[in-house]
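The same chain A turns up in both complexes below, where it pairs with chain B and then with chain C.
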Partner chain A sequence: MIEESGSRWAAGRKAAAVGRIAFRHQLAYKTDFAMRGFFLLFILFVFIQLWSAAYGGDYELVISGFTLKQIVWYLVFTEALTMAAPPLCSRIEEEVKNGDVAIRLIRPQSYVGYHFSVFASEALTRFAVHLLVGSAIAWPFVGPPAFGIGWLGLLALSVGALTVTFLLLMLVGLCAFWVEETSGLYFVLQKLQFTIGGMLLPIDLMPEWLQRICAWLPFQAALYYPAKMAVHFDAALLGRQLAIQIGWIVLLALAVSQMYRRGVTKLHVNGG
Partner chain B sequence: MLALQTRKLGKSFRVKRKAAGLSGSFRALWKPTWETKEAVRGIDLDVRQGETVAFLGPNGAGKSTTIKMLTGILHPSYGEAEVLGLTPWKERERLAFRIGTVFGQKSQLWYHLPPIDTFELIGRIYELKRSDYGHRRDDLIERFELGPYLHTPVRKLSLGERMRCEIAASFLHRPQLLFMDEPTIGLDAVVKQRIRELIRERNREEGTTVFLTSHDAGDVESLCSRAVVIHHGGVLIDEPVERMKREVLSRKLVTLKLAEGFDAATLPDIEGACWESRGGNCRLAVDLKLTTIERVLGQLLGRVGFTDVNVEDPPLEEIIKHIYGMREGAER
Partner chain C sequence: MSMGGKALANIRFVWTCWKLNLASAMEYRLSFLLLAGMMFVNNTIWLFFWGLFFNRFPIVQGWELHDVMMLWAVSTGGFGWAAMLFGNFSRIAGIVATGQLDVQLSQPRPVLLSVLVSRCSVTAAGDLLFGVAVYLMVGDTSLRGLLLFGLALLISGALFIAVMVLAGCSAFWIGHAEGMTQQLFQSFIALTTYPSDIFRGVVRLALFSLVPAGFISYMPIGLLRDFDPLFAAGAVGMACGLTVAAALLFRQGLRRYASGNAIAMRS
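Let's look at the complex of A and B:
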């Protein structure tokens, strides 16, 4: 006795069910949470020292539109988003290498959809935890995150940002259907996110020619947009950035879909 | 009515060849050489609904690859297949509602969570109505006797307990056709027997077609009515298990651990059997067409000093080699 199948509602219910179980499953990795939290504290401490030195400890000084407080909180938001993403590429690579991809493909559910549910569940939980951990260090050093409506901007753009991140990681992860080894590609993607994605440095602080290049790439939609919107809310820009995120999501989703369709025909499932 | 049908179904892979050593690795970087490996070559197969088929062959014969093509996981290189009227690799998600799959070496249960959570997820994924899911789950829990470990995290379960949960999970959505790839691998004799009984019961009561690969002759004998043996990617034999039993499963192996002081050179001749090895642990191959285990053991008692005895089926690899040898002999 199977309910109406294949409908969007059914797909949504399945996605929610996978998300729920993935949420419960990750609660088992308490040490992992603690380690990442500690690392985040350490990284942010180093950056706070660096930026404090760059600003000469002047809380009123504005560099490229950012005060010291804004830049530190900007870093908290970009770090929280970056570290929220679970290791999707290595998971897919492992699934292909040890043959567990077979378990995913015997289910009446989209392979990409399954991974999106797990990713969303884990990433949203981690993002919330990282925001709390990041706040614990940024608040005492540069003051409370009194960004008002900026928080709404952060949340509105973070959903799209994590979706763009998922799709970029999926594109790299799906390469495992052909090459079985994606760590090199993932390394490149990660470094692009760190630099031209605006994780370490807001794009506004980069040379203009580089800013023009960044505008044509999806990386800023995954980190820079939400973090900048949080510390510098701009209602007109919010609509534009949401539209750009949707554009990238559509484009990348099409690329992922095409890549999956081709990759699944090439797949060689290892093991008995 | 047919549950599955294949025509000239085949799968080949390109495998990179690399010479040994560092120079070989460098050569492979600049000038890789590829070799095409035929994992499955043109299999023709018809399985009727409700049948229990053993799909056998030595390691690397193409059993798992065939199952993966029939479940839609792999795309074939050539040939056709229809499973429950659907083309597996084109209609994978639709087919998934109607088939079940058990991979003995892979787990579908969430490692850190109790099995009941995976059951709940499967109920949702297969879009079972809530009331139906509840009844079905409770029925399977009772039949598979899962109650005591249903709320224990999977990582804490023994292999046998886990496999019972895996198989019960595969039956949750009432599959019409169940593919099982080595479902009893690594299990002890008691658990194996229990799992076989449970699968047989589902076949009898729900008419589930069973398509099974195994290296265990016991699985074949107690579960299947028909055996298909493949070798080098092609079908070597396709006949009822009863006939196969008469022809090639008519051997048992008796292993004796000789008592200290008993001279292996003095082992007596046993009617209908021959010694395959003579040592501390000696092995006697018994031909059941000529004698019975009871008679053989009767002849051994009192004439041979031993501290332990074990009666078992010959390994399936040996049986297949035997069949292969018979066929090659007949062709010559």
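Let's look at the complex of A and C:
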């Protein structure tokens, strides 16, 4: 019993240490941050123009429960979350192609756990920075994000949202153990997140039949839930959405674990 | 060699490069089909988004779903042929900064032309196919419509090439400019896929001057739907002017080029 809790403690310390190193690693690449920040500003500017045109510049108009201000801030949150995810698939693909995966596998830390530590550290840092950058453009155009307790909802659901994103990316990334080239699958996953995940368009604005399909998929738990909760806080819904996120995390984690177990037996490493 | 003879030799050189690029892409036929197919699916999902958007807002600043579909046909189609035939246009900055021009400088051919045609983007085949498919689906397939669509593709592709060569030439002066030019590339592509009429004031002015993406994104209206001779002349003029400017700037920049000692045999 004591031995088991000791090994868990050691695993946690290793994960925290990897996270700390990943955090410091990011700070060394300020240009990278600046570039992403510029692109975020640019794309949000385009979205603000598009949605302002769609609403005819009317700040009072409410469409499917969203005012123009809420839509713009919703987009800031979905973009901040989307761009927070580091390129996990291409990293795994590169590790498999150049043989670095061999080094990762012999380390005394779970392969998936290692990637989760790096992902969590990078994604949380990026998310915070992107929120600041996004606010810098949304605030002057549509006013301050006075969402009160909605911010708490955003933060509560963002942790689960990023975990769901990690697991989805891991599922695609692990395909590299069989096929090496995963960029095509990643592209499709990314576009599914953009559309039926609610990144470009809140799911409430979609047709009824599509909303019903989206409800059965994990994508909305990764983007739509936290962003919608921020602009439309609903305490009753928060508990339900957290439960759905946990459900998806358990399901996807099982799938990742199964896939990893099978994939690692198929893996042939050359070089490294 | 006379001027005519030189031109003929260059045409033959370009033709041979295109044939070799195609043969090289076909060597990995499955990968080629997968990558091109993936880009086709990618673009289709974007149109799916626009379908959802216009389902909720049927007319936005005079634009309808049909116009945005044609916008995607022109933008992806133009990008498609440009990246298939002149695949290095978005990589000039990296090529210059890493000294890879050495290979082209040793050949008795125009350097810029030789750089541009030495790569074929396989994913771009999916873009071109997508552009043509969307045109066949919703475009005007009469002879006039076909000619106008052909012109739109030519202008769009030429603008993509010229803008990126101009941006890439900055590497001759500031060295490593790959990050900056890639950002510009992504932003320029993004701007060509949104209706130009959503932008107002200074930004709109910039779209038709400094960052001439507006000449691509206004084509579904100004060239294909309500033919505006002034816009058409402006678009053709901008495409030709920027192409010449890009060639001249590249030549100017070449004088500053320092070799990377990267001469290598290419088979």
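Just so we're on the same page, the second predicted complex is superposed on the first by the 265 of 272 C-alpha atoms of A that agree within 3 Å, B and C clash if a C-alpha of one lies under 4 Å from a C-alpha of the other, contacts with A are read in each partner's own complex, and residues count from 1 in each chain.
What we mean here is this: contacts are C-beta pairs under 8 Å (C-beta built on N, C-alpha and C of every residue); 3 or more make two chains touch, one makes a residue touch a chain.
If you're wondering where the values come from, they're calculated on a predicted model, not measured in any experiment.
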item: Chain B versus chain C as contact partner of A:252, first or second or both or neither; value: neither
item: First, second, both or neither for A:192, with chain B first and chain C second; value: second
item: Chain B versus chain C as contact partner of A:21, first or second or both or neither; value: first
item: Which of chain B and chain C A:265 touches, first, second, both or neither; value: first
item: Partner chain(s) touched by A:207 [first = chain B, second = chain C, both, neither]; value: second
item: Chain B versus chain C as contact partner of A:99, first or second or both or neither; value: first
item: Partner chain(s) touched by A:112 [first = chain B, second = chain C, both, neither]; value: neither
item: Partner chain A, residues of chain B touching it in the complex; value: 13, 64, 68, 71-75, 89, 92-94, 96-97, 99, 101, 103-108, 110-113, 117-118, 120-121, 124-129, 132, 153, 173, 181-182
item: Chain C contact footprint on chain A (complex, rising order); value: 31, 35, 38-39, 42-43, 46, 49-50, 52-54, 63-64, 181, 183-184, 187-188, 191-192, 194-195, 200-201, 205-207, 210
item: For the chain A and chain B complex, residues of the former touching the latter; value: 1-6, 10, 13-14, 17-18, 21, 24-25, 28, 99-103, 105-110, 264-265, 267-269, 271-272
item: Complex interface listing, chain C residues touching chain A; value: 31, 34-35, 37-38, 41-42, 45-46, 48-49, 52-53, 55-57, 60-61, 179, 183, 186-187, 190-191, 194-195, 197-200, 203
